[in-house]
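Labels A, B, C, D, E and F are assigned to the chains in the order they are written; within every chain, residues are numbered from 1.
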Amino acid sequence: MRAIKRIEIVTDALEIERVAQVLEQHGVSGYTIVPHVVGKGERGIRRGDELSGVFKNSYLLTTCDESQLPALIEAIRPILGQRGGICLVSDAWWVQH
Amino acid sequence: MRAIKRIEIVTDALEIERVAQVLEQHGVSGYTIVPHVVGKGERGIRRGDELSGVFKNSYLLTTCDESQLPALIEAIRPILGQRGGICLVSDAWWVQH
Amino acid sequence: MRAIKRIEIVTDALEIERVAQVLEQHGVSGYTIVPHVVGKGERGIRRGDELSGVFKNSYLLTTCDESQLPALIEAIRPILGQRGGICLVSDAWWVQH
Amino acid sequence: MNADLIIANLLNPPVLFFLLGGLAVLVKSDLELPAPIPKALSLYLLLALGFKGGIALRENNDGLALPALCAALLMALATPIYAFPILRRRMTLPDAAAVAATYGSVSAVTFVTATAFLQRLGEPQSGYMTAALALMESPAIAVGVLFARLGQRNGDDMRSRFAVLLHEAMLNGSVLLLVGSLAIGYVVGGAGGESLKPFTEALFPGLLSLFLLDMGLVVGRRLGDLRRMGAFPIAFAFGMPLFNAALGMGIARLIGLPVGDALLFVVLCASASYIAVPAAMRQALPQANPALYVTMALALTFPFNVVIGIPLYLSVIAAFW
Amino acid sequence: MNADLIIANLLNPPVLFFLLGGLAVLVKSDLELPAPIPKALSLYLLLALGFKGGIALRENNDGLALPALCAALLMALATPIYAFPILRRRMTLPDAAAVAATYGSVSAVTFVTATAFLQRLGEPQSGYMTAALALMESPAIAVGVLFARLGQRNGDDMRSRFAVLLHEAMLNGSVLLLVGSLAIGYVVGGAGGESLKPFTEALFPGLLSLFLLDMGLVVGRRLGDLRRMGAFPIAFAFGMPLFNAALGMGIARLIGLPVGDALLFVVLCASASYIAVPAAMRQALPQANPALYVTMALALTFPFNVVIGIPLYLSVIAAFW
Amino acid sequence: MNADLIIANLLNPPVLFFLLGGLAVLVKSDLELPAPIPKALSLYLLLALGFKGGIALRENNDGLALPALCAALLMALATPIYAFPILRRRMTLPDAAAVAATYGSVSAVTFVTATAFLQRLGEPQSGYMTAALALMESPAIAVGVLFARLGQRNGDDMRSRFAVLLHEAMLNGSVLLLVGSLAIGYVVGGAGGESLKPFTEALFPGLLSLFLLDMGLVVGRRLGDLRRMGAFPIAFAFGMPLFNAALGMGIARLIGLPVGDALLFVVLCASASYIAVPAAMRQALPQANPALYVTMALALTFPFNVVIGIPLYLSVIAAFW
């Protein structure tokens, strides 16, 4: 098992594509997205609008090496600043297969 | 990055609203819910009933400061005791934006 | 709160059943599955095919004691080797109820 | 009994699609109706059923509506009362209460299938039977939970839940849609409802077939749970409908219901709920085991009624009327 | 005004199902149409509406199409221009701009309900009104965002967003489906469209009823947001449609539109958007508060138009034509 | 060839909606049919197709059913056999096997579109062609996987997967629903199926249009994958259908199929699978690249057949028959 950083991001479903692009630009190997999650934060409740299909969040899980982390965070921060959302970083071990 | 506690709760979809209320009463800033997850635990498999739409779980992710944690856990515990489910706490860093 | 290992697995939705079986064989008490997640990894983007309903991933969250971990990982590794996906292990505390 | 009716029922497309669904599970096919489609179909069936019933209720009133509705209410209340003591001998208190409620309440899909069968045979039916269906959904739930409450220590907790339960039982989405559509059909009447006919009537047999295909899949998947079930629940799941059907026939004869309505009344008595009851029990009796009460209603009583029960009851009615 | 028309409208099944939806929320029933069904129904309504409109557009051209379309475009552009300064007095810049766009744009569902009402009354309607609906969806969005841009510092950022916005407003899925279906209906014509009639026409009132049931649920859930809203937005949400309806009536009279088309034109002027506008604002004006502009359009203006407005406007038109 | 037929096909609403879907992707509109609706529509099409086919199969038997079914089976088995060696020159073993299976199997939606086209032209068609469709879905999958197995070392692993695969290929949900509905249609016959007609027949062109709108979106999204594809797969995706169509025409002529059935047979030969094959390959040949074989069938062969192929084949048939 290799020690890595585990990153979770929740933001507007529309912006999650931009987040994924940023990840790829930083050479992150992969990610997993839960396309539609309900959320509450500073901008109130976001449960996805039934009619226009907007105002919903997505959840993204990815991993990176400790060395990649600072650059990645700097790249993601402005997106969250503009659209809201959270980014959590924690420690984990990657099980190699 | 600020050190915080990361809390995950899985329980009956019906009770997740109550959990969210408890969080708000304890001044938690936000949370994210995956409304429909499948689960297995002491009460058997719960994959959501096709006809009556009941027997399904939700997953909730939230964060709090270390100082808030004990009170929060005491408030959530009885809900899980009654309806089943799990609550996991882990360490994480919050990326400020 | 009891210290436990928190395990996350993302793989082909089809294989997640096999993963769940392996967990049960190793006496794991429970798990939670997000049935349909979108992912990107070595095998490209997997967002679920609209027509045939294939090529989608599932996310599984479970817990185990530190002592159970090595055997569990050895059992899960070959599945991921064959079908792709990731397995992350992290530390957490289980809130007893 | 009349073998022709059994065969006529088996040649009914909805019943054949139900069997196809069961077969698909049996041969381990991956056929499935994706997630909200079955739910949407069940809402459609309730809406169409209620709307048609409301129009019929307004147009054709033969004076039998009131006795029929009283009899329906009576059966819904009585069934859990006589079922509970029998069940309690072999089951835990919450389980016995939940199963009693299950058999006192009704299955709208079984009703709808009987309706389609009558239509194929050209047998007339009255709008107030749909009202009877709506009326019978909830009372048994209240009775069942009352039994559970009387038998339990912590009455206080139960009292608060009882209010929740009554609300859940009466204002459950399915019940409300059925009653609301009935009222709307009644208010607009035949001429006003003309424009909805292609939706509520022409499509009905087709969408019922699609829904029963899904029911076949659901039932098929549940069949595995039967192995873990004792002989008693299985016997009850066949015995109770037969007993209730016989009782219902007697009452229908007494009131003087015509053949079609008599069949519908008998089907209501003989059927068991697997939608309204679990939705209410989750709130009111979370200790009851759904793998028991849902499986009995869904995997045993439902297919029995749909495949054999409906033509069987009709052939008996035809003999005695 | 004409009380008969109000009652005729209230006996219209789609309106009754809308009220049933509202009632369900009021009594806290758990009735709901599961997730993608309402979206699918709204796509159906746009497709059917466009297709029928296209066929009608081709077959019946009375020379009024061009003036009607010009008037529609004019109203869509003018509404945000006179609404914005009023709104700006009591709202933030982005909110005022978003609300102005909301009332300049239109509600396809209100239009469709008026269409169904006219059909019940046997009043003819022209295909070009559907084209007017399509034409009025987007321009107000551009005007609203332009106002927001002019009032803001960071013009650069806004400029890039403006391109995105125009794209979003013009090629929004709903608008494209409506326009595309209109074009297809026009191209295939009446004979070519015959095979789709059971789908686009016979089913229409039924599926509209189902959709309005859901709209009732959605509106009901939004009603809670009204408490947090001041008196000004509420007054605006009723006043603007009435003002626009009066203006629209004058224009329709000037052009010489027949009764049915006049009603449709008035309904377009009086209605407010809660689908195309939020979808565009999310991109173009994320600072605007959807709890304000969506709630005004959806929880106040929409039910007002559907329940009272449509028959009210028609009774005034009937008096003056 | 006959330009009128091409135009007649292009004025067919389902084809126009297909093009609208493609256009929507081209202009980057966010139009989409939400998640389970396309799947539900495809199940509807299979059910309706099978049911109608079953009724037709029972009523009209002209002695050509057996030769037609034998020819269908033959083409399904032969296609991968002659396609594989050609493909193997330029592709990896699993890819060549998967593409061979793809072109030996069939596209139900292409078939259905041809069916709707014939109906518009008033050209009769036989129920056994639906049986031929069902028959041709699976055999090529078995042949393709057999080739992959013969070429691979680890035969043991493949053997166990082969059983899984056969199961998957034969009892795939789509195949089972088609065959089951065919059987049900056959069993109930014309009179028994009357009540389902509004569902299975009247709605068919409309729901097909809606489904093809979604197919247009799906195909449009896949077009981007073509850039990463070499010239060989692209040439194959157009060449193979043309070759198979020619072969199929010869066989249809030999057997003496009437015009309508000949077209359907040719369409079966010329079409490629993008539903049953990926579902089976995921299990049996996970090493094969779906971005290759699904894209060829879906983004090239499917639109080619639907837009140009069907009228082209018919005009050639019309000339030779």
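Simple rule for what comes next: contacts are C-beta pairs under 8 Å (C-beta built on N, C-alpha and C of every residue); 3 or more make two chains touch, one makes a residue touch a chain.
Since the structure is predicted, the reported quantities are computational estimates derived from the model, not experimental observations.
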> What chains do chain C and chain E have as common neighbours?
Replying inline: A, F
>> With contacts counted as defined, which of the two, B-D or B-C, has more C-beta pairs across the interface?
In response: B-C
> Among the chains, which one keeps its Cα centre farthest from the Cα centre of chain B?
Replying inline: F
> Do chain A and chain B face each other with the same patch, meaning over half of the contact numbers show up on both, or with different patches?
Replying inline: different
>> Please identify the chain with the largest separation between its CA centroid and the CA centroid of chain D.
In response: A
> Between chain C and chain D, what's the gap in Å when you average each chain's C-alpha atoms?
Replying inline: 40
>> Residues touching two or more other chains, restricted to chain C: which are they?
In response: 34, 53, 90-91
>> Going by the contact rule already set, what residues in chain F reach two or more other chains?
In response: 34-36, 39, 198, 202-203, 279
> Which pairs of chains touch one another in this structure?
Replying inline: A-B, A-C, A-E, B-C, B-D, C-F, D-E, D-F, E-F
>> So in the complex, the part of chain E that touches chain F is made up of which residues?
In response: 35-36, 39-40, 43-44, 47, 51, 167-168, 171-174, 176-177, 180-181, 184, 187-188, 192-193, 195-196, 198-200, 202-203, 279
>> Using the touch definition from the top, list the residues of chain C that touch chain B in their complex.
In response: 1, 4, 6, 20, 29-35, 61, 63, 90-97
>> With touch defined as at the start, can you tell me which chain C residues reach chain F in the complex?
In response: 12, 14, 44, 49-55, 82-83
> Quick one: in the complex, what on chain D touches chain B?
Replying inline: 35, 38-39, 42, 214, 218, 274-276, 278-279, 282-283, 286, 290-291, 294, 298
> What part of chain A is in contact with chain B in the complex they form?
Replying inline: 8, 10, 34, 37-42, 57, 59, 73, 76-78, 80-81, 86-91
